[in-house]
Structures are given as structure tokens and as C-alpha cells.
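Each of the two complexes below includes chain A, the first together with chain B, the second together with chain C.
Here is the complex of A and B:
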């Protein structure tokens, strides 16, 4: 009887823990073990200790992939925060005409399948037959290798990511803005604060948590970016769009599972550190977490 | 009988113990998968063989060709049901082999990728043995890992020199006189003198394809990226010849650097800017299906040789059929592939006239040499090549292809280094010595040393 009494709650919560153990804990432990081995998916795994980690940390390709992701982060996240906040402020304005249309227009790319959009990107930015170069030629400018030159491939990929995900950023920031009480602005207006001053001194601090959330989520997304370069550039030209996510995939697809697992744990540590830094940097000044 | 009480701590300790056992059980390779055994052929007669197999193939025209051929196989083996599926093999097969879930009974695959997954495949040595001596040595080599054959050799893709017959005639260049790669440069200079806008020789902009092309030129000289012991041969005289030739061609402005049959390539092929395309037989697809204004003006010849009297062709690409170690009906899959690759009726079904290629499949030739008789064409002269008998040119070229060594498991990954560096060489951003040194260093460190 005693067993049954105290066991009951465990029985009730056990379905969750069983599923979590099977699909969360088990793969994590498996991957961690894998990261200390050399294993190609068949036969016995060979224990190599920290060999995979030391290989990656001394590999220029690994650091280059992180560098590519870092440049993409710089091209994407600051732009997205600024543009997203601007768009959210406009969309929060009840007096804005066609507000519903603009909301749908901003969100539409976010819900459109990435692969379809990536194909459009390939066509529009084709060096020889793309629409963008056609327009440049019309005004007398030469062709640009948007997806075929190391200079332009990252900005072009960043533009695709921005186009695809800025709608998501707007949703997050708009939700933050709508949580700000209108009286705050009324009081500031009575005190003579200009619109610009209200934006800087009220809006930005009050949506700081939303901005922090957005930065963390998008940092995760950029450092795990895979589908965009996989479909559009396959990491080229010359590895200039080989993101951290794609580099990791290359190990897995080459059946170098141990190195792939080690790479994923290094990436987890990096993204965790970056996210923590972003949260600390953007923490509200009132000291609340 | 009363149940003995279990304390909360005891329960948690027990749970931890179960977890620890689970952790121990999830060690990679803990399943102790045995190395695949050699596959033996079924002993039953064709009419008595029964069962169902799932076969993966690439999508596109080739799928339709095989679909029609499989229909004929089913007539020969009425008890076998073939579930023929179009699959993105490059993206899915390797992962499927590793996961071991929903593994097909057989699959089409690039020769270059078989070596990397041999441990997941059936050893077909005994089954291929009766046909081995009559199969192109190159195909046996590339399907062999540690002395065992893991793929059923299907097609052979001889390299040919595709050329614009009309432009050569106008320039007074005789294709028969292009016997060496130096002759090819000389002919290109002659054409460029007549038309300065011409950049006669196609070199490809795709890193993977350019490395495949590089291997064709190496195979022509009887070598490949590694020797039989797996030692890199990038610094060998054969590769130095190729890189020096590329540099000469690009330095003299004789090269159109374009991605394989993409719009920029097709446009310059049709405009007359490109005159020579040293490429595999499968380029025949272009004049038949893509080129507009120059359709009927292209012809094929054997590749030039690297030295006078040297081999006039090398293999570029090629595919075979593999049977996964976890296939449910591997014997039946073997019967299908034996039919398609080694039986006259099956070879006819694949290469002969069919609804997809009314004149016959002309993008490769069989690797089974009894089918390679110049006098008994499997496909007809091609109108888009001005009625040229491509079968005769291709089979004669195929007969000169030297044997090779097994393709190393890391070949596809080496494109990140060698394929990219070949591109840099073509663009004038790297010297031949730099290509060799940089590629060799990275391939050795990142691939060979980690094998």
C-alpha cells in the first residue's frame, strides 16, 4: 500500500520522462559518447579520447566555418533588430493605413517554404541571367557574381535569411510593443518628450527583453544555419558560405560521425556562450532577469 | 503476501541503475554489427524465384529507362515483384545505410562513393567473379575495396573530345590531326586567330565536376589520386602534366570557364565561343536535348593523348549497383542487377531503343565488354551529331581506358580541397605547384590521416 501511495505520481509523470529519455537524453548521451570515438556507422567504434575535439580546434576549416557564421551574424542580427523594431513600431501605430496588408506582407516570407524561396534567390541573383544583374546592366553597371564571388556570396545569403525571418522578428517585437501601456507615452507627451525621445527613452528600454529574446533566438538560428547555404551555394564559392551548421553536416554526410558529434558539442558551447553574453548585455537596467 | 516496502531513495537508485545500463547500451557500435558476408546467388530457377525487392534509382530519364528494363526483368522472373523508387540517392543513401532503417534491397550509386560505404554493403566478389574477366578493368578496380567487389559494375563513361565540325572545317583544322593535348592547344590558337572572341576549350566551373574531369585525364595516363596502397599521387608527373596544361590553356586565353550545361555554358556553346569540350560520353545529352542553334554541328572524337601514341580515353564518372548489407532480399536484387548488367536481354533493355531514347541510351556504354562490339551497336547514329556513329567512337575509345585503383572512401570529400583548388588554378589564383602542395596537405591531414 505504501509503495502504491508514493509511486502514483511517478507513474503519472513517467510517460513524459520515458519519451524525454528516449528522444532527448539518449541521443544526447549517444552523441557525447560518439564525439570521443571514430565511427563510420558500422563496425566497432574506436575510442580516440579528445582526438576529434583537438582535430577540430586545430582545423582552419572549422574556424573558417565559425568565421563565416560570425560574419553572417553581423550582417543579419543587427540589421534585423533595427529593421524589425522600426517595422514593428510602424505596425503598432493604429493610424497606419493598410496595416493589415503590411502585417501579412511582412509575415508572408516567414511562412513560405525556404526551398522555394531559395530557388527564387538562385534565379534572381544568377550572374548571367538574373534579374538583379539585368537591372544593373540597364543602368550601365557590370555584372556582379552575387552567388559566385567570395565577396558577395555572404551578403546575398544574409539577404535571403533577412527576407525569410524578419517577419518573425517583427512578431516578437510587435508583441513586446503591444505590452507597453499607452499611458506611458501619454505621460511622456505631456512632459514634452518628442517622438524620437519617446522611442529612445521609452520604447527601446521597454522592449529590451523582447530584443534580448530575439537576439538569442536569431544567434542560435544563424550559427545553426544550414538549409540556406545547402540549397543556394552548397557552401561555395571556395567555402565562403560554409556555415558552422553546414560544416557540421559535411562530417555527418561523409559518415565521419565522431567528428560531427564533437563539432556539434563545440557548437553548443559556442552558441550557449554567445546567448548568455547577449542576455547579459541586453538585461534590463532595473536588475530584473 | 505483503509487498516489501521500497524507499524513495531506493527507487531513485534503481532508476539511475536502469539509466546507467541504458547509457552503457548506447555506445556507438555497441550492437556489434558483423561485417557483411559474401552474397551467394539463389539456386532456384528463374520461374521458381519469388519475393519482393525495393530498388532505388535516380530520378529523371534514367529512371524511366530502368523502369522499362525492369518490366522486362519481371517477364523473365515472374515471381519477383520490384518496387522501383525514385530517390535523391546522394542525399539519402549514405544516411539510410548508417541508420539501417528502411534500407532498399539495391541501389544505383556513383562509383566514387562506393568505397566510402563498403562496410555497409554486401561483398559481391563471388557473384561478379564469372563476369570479372569480361568487364572493363577500370570498373572492376573502382568497385573493389581491399580485394573485395562491392558494386555490380554498370556503365563505362569514356572521355571523348566533342568538337564543332563546322568551325574546324572553316579554320582548316583536321580533327585527325589533334592527337595530343599540345595539338589541341595549337588547334585552339588557330581558331582563336580567326575569331578573337573565341575561347575554344571548355573547362568546368563546378568543383566536383572539375575534379571528376581531372581524374579522367589522370586515368588516361594510367594513374589516379592514390596508388594501390592509398598513397597520394598528386605530385606525380601525370598530375603535373595536367596542371601545366590547364595553366597554359588559361594563360593563352583559350578557355571558357563555365558551369556544366547551365545557361552561361549553353549560351557560349551555341554562340560558337566554345569549340572543344573534352568530356565524358554523357555530354551527348547536350546536342540532343539542350543546344539549339548548334544542334547537328557537334561531333565526337577520341580524346587527345598526353604523349604520342598514348591512351586516347579515360573514364569520367560512372555508376554501379550496390546491395546493402541489411537488404531483406539481397539475392533477388542480385538477380535484377545480373540481368541488367551481364545478360544480353537486360543490356538490350537498358541501352537499346526505348520510349525515352528512341535511338537507344547514348550517354554511356556498358562496362561488360562482350556488349561493346563496335559492329553491333546498342544505340543508333545520332541525328543531333550530324548522324555520327557515336557507338563506334565510344566503344573504340572505351577499349583504351586504362585500369585504375580503387577510388578512396574520401574522394567526394576531397573536392573541398582539390576541386576548389583546380578552380583557383583555372582562374589564375593558384599555380600548379600550389594546387599540388595545398591539396595534398589538406587531403592528407583531413581525410587520409583520419581514415
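Here is the complex of A and C:
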């Protein structure tokens, strides 16, 4: 036992805390301070109290960015949960052949670099020369401004997000389903419960935890969405894809750092609130888990 | 419940939808530039024209080298320090342990966005803008990996570790000779997940670096994309599209290959990520 001093565990955990103190705690405190000042990255910082916060809260652009993110959330999260659950139920069937292939096919988009696929989206959804409109023309339909009209820009971005991450959702839900013991279904089958009833009254409650996890993770991801609009649309057309994450970035590129810091805290509060709400909504009613 | 033709059809259509964009991008990148636009559905070529043009125009080699460097250093730090901290949290009892672990869990919930601006200012105060340490150090030892390693190591039977102690090994010796070999599958999944995260990381590299010399692969790619959407006219539109697809394919393939080879570890890594819920 001589080698085991009281210091050992502290030494073992210290690298994380050193990095966290230097690149986590320090910047957080600094950001909080910064959010109460007007500062453009150079010169004297002017204390403005809650000025940045009240500016943002009364700025139409700030609310528009939240609105855009909220619409994207609506286009993404419900679709993903429903489609993901459907696909996971099909994949969970023990007698399914080619399961390995399907798993690989579904998750492949998740491992492709986002920026590379965002570029592909630019090319595929181009109004004049893109693949999608080419196919529409072939069947006699007119061009659609996928990335150039305010109607379609959000759905097109949402589709990129859905394409990229739904495989992840399927895997998470599949794992949740496979944790459900087969006997539960056998018993229900003996009771003569229909497949739909089994799905709603057995499967969904049993994978509630997985669904809750998914909703929280994707809510965080959608409200921080940055790379997709940054690469594909730069927030356009007419600000229709100016997401909350991109709006925050714009403060940085405009060197309006005090406002940017305030914006990030507002965003964090919102995201925390939304995740807590999602967890509460999806919590099983008997209070377990 | 034998799956019927309907189920296979649904799954098949889904699989095609997920795979087709990847296939289309890679196969089109080998077509003559004009054909990509005039005839996007059929294959033609193959030609390396787009690749030659892309390698001449874009510093993609630099991007790869920088990503590789970040990956090696960050990966090494993750693979060493995260299991080490996980080991301490799983198998030691010490004053303050719960508080410290609580801090680890709390940082899990901290969105990256909130740190971007102050971190950037910290980097410029340190004179670290456009340096490798700026790319590597912030977030180099992440809370999630520690949490995950703690869960993995907690499952090791205590007797195994005690046996090591009786042998008179040092704590570090036990860590390297007992703990690490036992959790090898978990480490493999951690390595794969870290690779994916570092390779695809975009927000921080795009903010922390603005010179060509230090750009990571993803940043190089995004610069190319912005040249196109920013000023479609000027450069020859058709050539640029070919280059874009070539660059995207080059960036996609390494990770897809690793994924197909190590898919089990990939999926385990993703699943481990969901345990924290």
C-alpha cells in the first residue's frame, strides 16, 4: 500500500480540471463580465449594465433568429422522432435479414463531414443547374428555388440536418427498443393486442427515456445550428435561415463582442429551459427514471 | 413476425435515401465538369480532371495535415487523461470526489456557443490566434469522455485491481497493466468517436484560425464553398462545381472507410453517448 498516497486520485483527475479552469471557467467569468459592457475588441470597454440584454430583447433581428430556429426545430425534431421510431421498430425485428447493412446505410450520413455534405447540398439544390430541379423538369414540373426562396430555404436546410442525423436517432431508439424484453411482446400478443396497440401502449412508453434523450440532444443541436446555414445559405435568402447560432456568430464577425456575449447567455438560458421542458414532458408518469 | 415485403421496401427506400447523396457526390466528382450540370443523373467519364483542378486550386493537403496533427495530439490526450480520470472517479474514494464529479457532469451541459467569444479573446490575449495550441487545447480533455470512461471502469471487478495492488504495482502500473487492457473495447469506441468529433469539428476551428497555414480540412472546404455561393460569376461556374464535389469526396472517404471497417465500435461509441441521458 506504500505506493498509494492520498494524492494519487487528485493527480489523476487534475489534467481535466487544469484544462477546464484555463479554457472553461476563466472564459465563462470573462464572458459574463463582457456581457455587461460595450466593447468592440479594442479600446476601453464601457460598462452598460443590462444594456446589451435589453437591446437584444427588443431587437427584431434577435427574435427573428430565434423564430427561424424554432421553425427549423418544428421541421426537424417531430419528424425525426416519428420516422426514427418507425425505422427502429422495423430494424428491431429479430428475423430481419440484412440488418447489418441497413444499420451501416442509415448511420453513414452521420459520419460524413458536415461541411462536405453542405457543399453537396448547394450543388444538388441549385435552382438553375441542380439535380433536384433537373429531375422535377424531367417529370414536367417547374423549377423550385430550394435555396433562393424564403419558403423553401428552411425545409431544404432541415432536410440536410435530417439526412445527416436521423441514422443517429434510429440507432439510439433501436438500442432503447432492444432493451425491452421479448416476453413483454409475447404476453401482449397472447392477450390479442393489435400491433398498433402494442406499439402505442408498450413500445412507446418503454422507449420514453431514449426519446427524451433524443429530443434534448437534438434541441440543443438545432438551436446551436451553425455550420449548415453558414456554408449553404449564409443566412439568406432575406435572413430566412439566419439561425440563433449564426446570429450569434455575426456579432463576432462584426466585433460587437459585448452584445455577442449577452446573446450567448440568453441562448444558453433558452436552450436549458427547452431541454428541461422536454425532459419533464417526456418523463414517465410514475416517476421512475 | 417474419418481416414482409413491405418492411423491406420501406427500409430499402430509406437506405437508398441515406446513401444516394454520398454516391451521387462521389460518382459525379469523376465526371467531366460539364456533364455534372447538363446531365446530373447518368454516369460519364471517369476523369480525374476535377481532382487535378481542385488540388491545384485548394490547399487541401494543408487541411489534411492540420486535421491530422490536431487529431493525433487531441486523441492522445483523450486516450490517456480521460481513462485516468475515469479510473480515479470509479475506483478511488477521496474527499471532494462527488463535488469534482458533479463539476464534470455540469460541464457536459455547457453549450460550446457560450465559450466561443471569450475563448477567442483569451486566444488573442495569449497571442494564440492562428496557432496549433489554439486548435488543440480548448476542450482537449472533454467531460463526456471522462464520464463514459468512469462508467466503463466502474464495471471492472474490484478483485482484479486489488490483485494488482498485492503484486506491489504502483497505481499508474495498475492503470496501464490492469485497467487499460480490460477496457480495450471501450477504448476502441472512444478512439473512433474522438476521431469523428475532431475530424468534423467546425465552429471552433473556423473562429480560432483565419490564415491558410493553420486551417483544418473542414475550414478549407468551407472556404471553397463560400467562394462559390459568394461570387458565382467570375470564376468558371462549371469547373468550380466539379472541384467542390472532388474536395467533398476527398474529405468524406477517409472517415467512411474507417467507419465501414470499425462500424461496431462506431455504433458502440454512439450508444455509449446516449447512456448519459
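Convention: the second predicted complex is superposed on the first by the 270 of 289 C-alpha atoms of A that agree within 3 Å, B and C clash if a C-alpha of one lies under 4 Å from a C-alpha of the other, contacts with A are read in each partner's own complex, and residues count from 1 in each chain.
Assume a residue touches a chain if its C-beta (ideal position, glycine included) is under 8 Å from a C-beta of that chain, and two chains touch if they have at least 3 such contacts.
Please read all numbers here as calculations on a predicted model, not as lab measurements.
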Touched partner set for A:167, first chain B, second chain C, both or neither: second
Chain B versus chain C as contact partner of A:231, first or second or both or neither: second
Chain B versus chain C as contact partner of A:62, first or second or both or neither: neither
First (chain B), second (chain C), both or neither touched by A:73: neither
Chain B versus chain C as contact partner of A:30, first or second or both or neither: both
Touching partner for A:125 - first (chain B), second (chain C), both, neither: neither
Partner chain(s) touched by A:248 [first = chain B, second = chain C, both, neither]: second
Which superposed partner A:117 touches (first chain B, second chain C, both, neither): second
In the superposition, chain B vs chain C on chain A residues touched: C
Touching partner for A:146 - first (chain B), second (chain C), both, neither: neither
Those residues of chain A which chain B touches in one complex and chain C touches in the other: 3, 6, 10, 26, 30, 34, 41, 129, 252, 257
Residues of chain A that touch chain C when the two form their complex: 1, 3-4, 6, 8-10, 12-13, 15-17, 19-20, 22-24, 26-28, 30-31, 34, 41, 86-87, 90-91, 93, 95-98, 101-120, 122-124, 129-131, 134-135, 163, 166-168, 171-172, 175, 209-210, 212-213, 216-217, 220, 224, 226-227, 230-234, 245, 248-249, 251-252, 257, 260-261, 264-265, 267-268, 271-272
Chain B - residues contacting chain A, complex: 3, 5-6, 8, 11, 19, 22-23, 26-30, 32-33, 35, 94-95, 97-98, 116-117, 119-120, 207, 263-264, 267, 325, 410, 412-413, 416, 420, 423-424, 446, 450
Chain C to chain A touching residues, read off their complex: 1-3, 7, 10-11, 14-15, 17-19, 21-22, 24-25, 36-37, 40-41, 77, 81-82, 84-85, 87-89, 92, 94, 97, 100, 103-104, 107, 109-122, 137-141, 143, 146, 165, 168-171, 196, 199-200, 202-203, 206-207, 217-218, 221-222, 224-226, 228-230, 237, 241, 244-245, 247-249, 251-252, 255-256, 259-260, 263, 266-267, 270-271, 274, 277
List of chain A residues in touch with chain B within their complex: 2-3, 6-7, 10, 21, 25-26, 29-30, 33-34, 37-45, 55, 59, 61, 126-129, 236-239, 250, 252-259
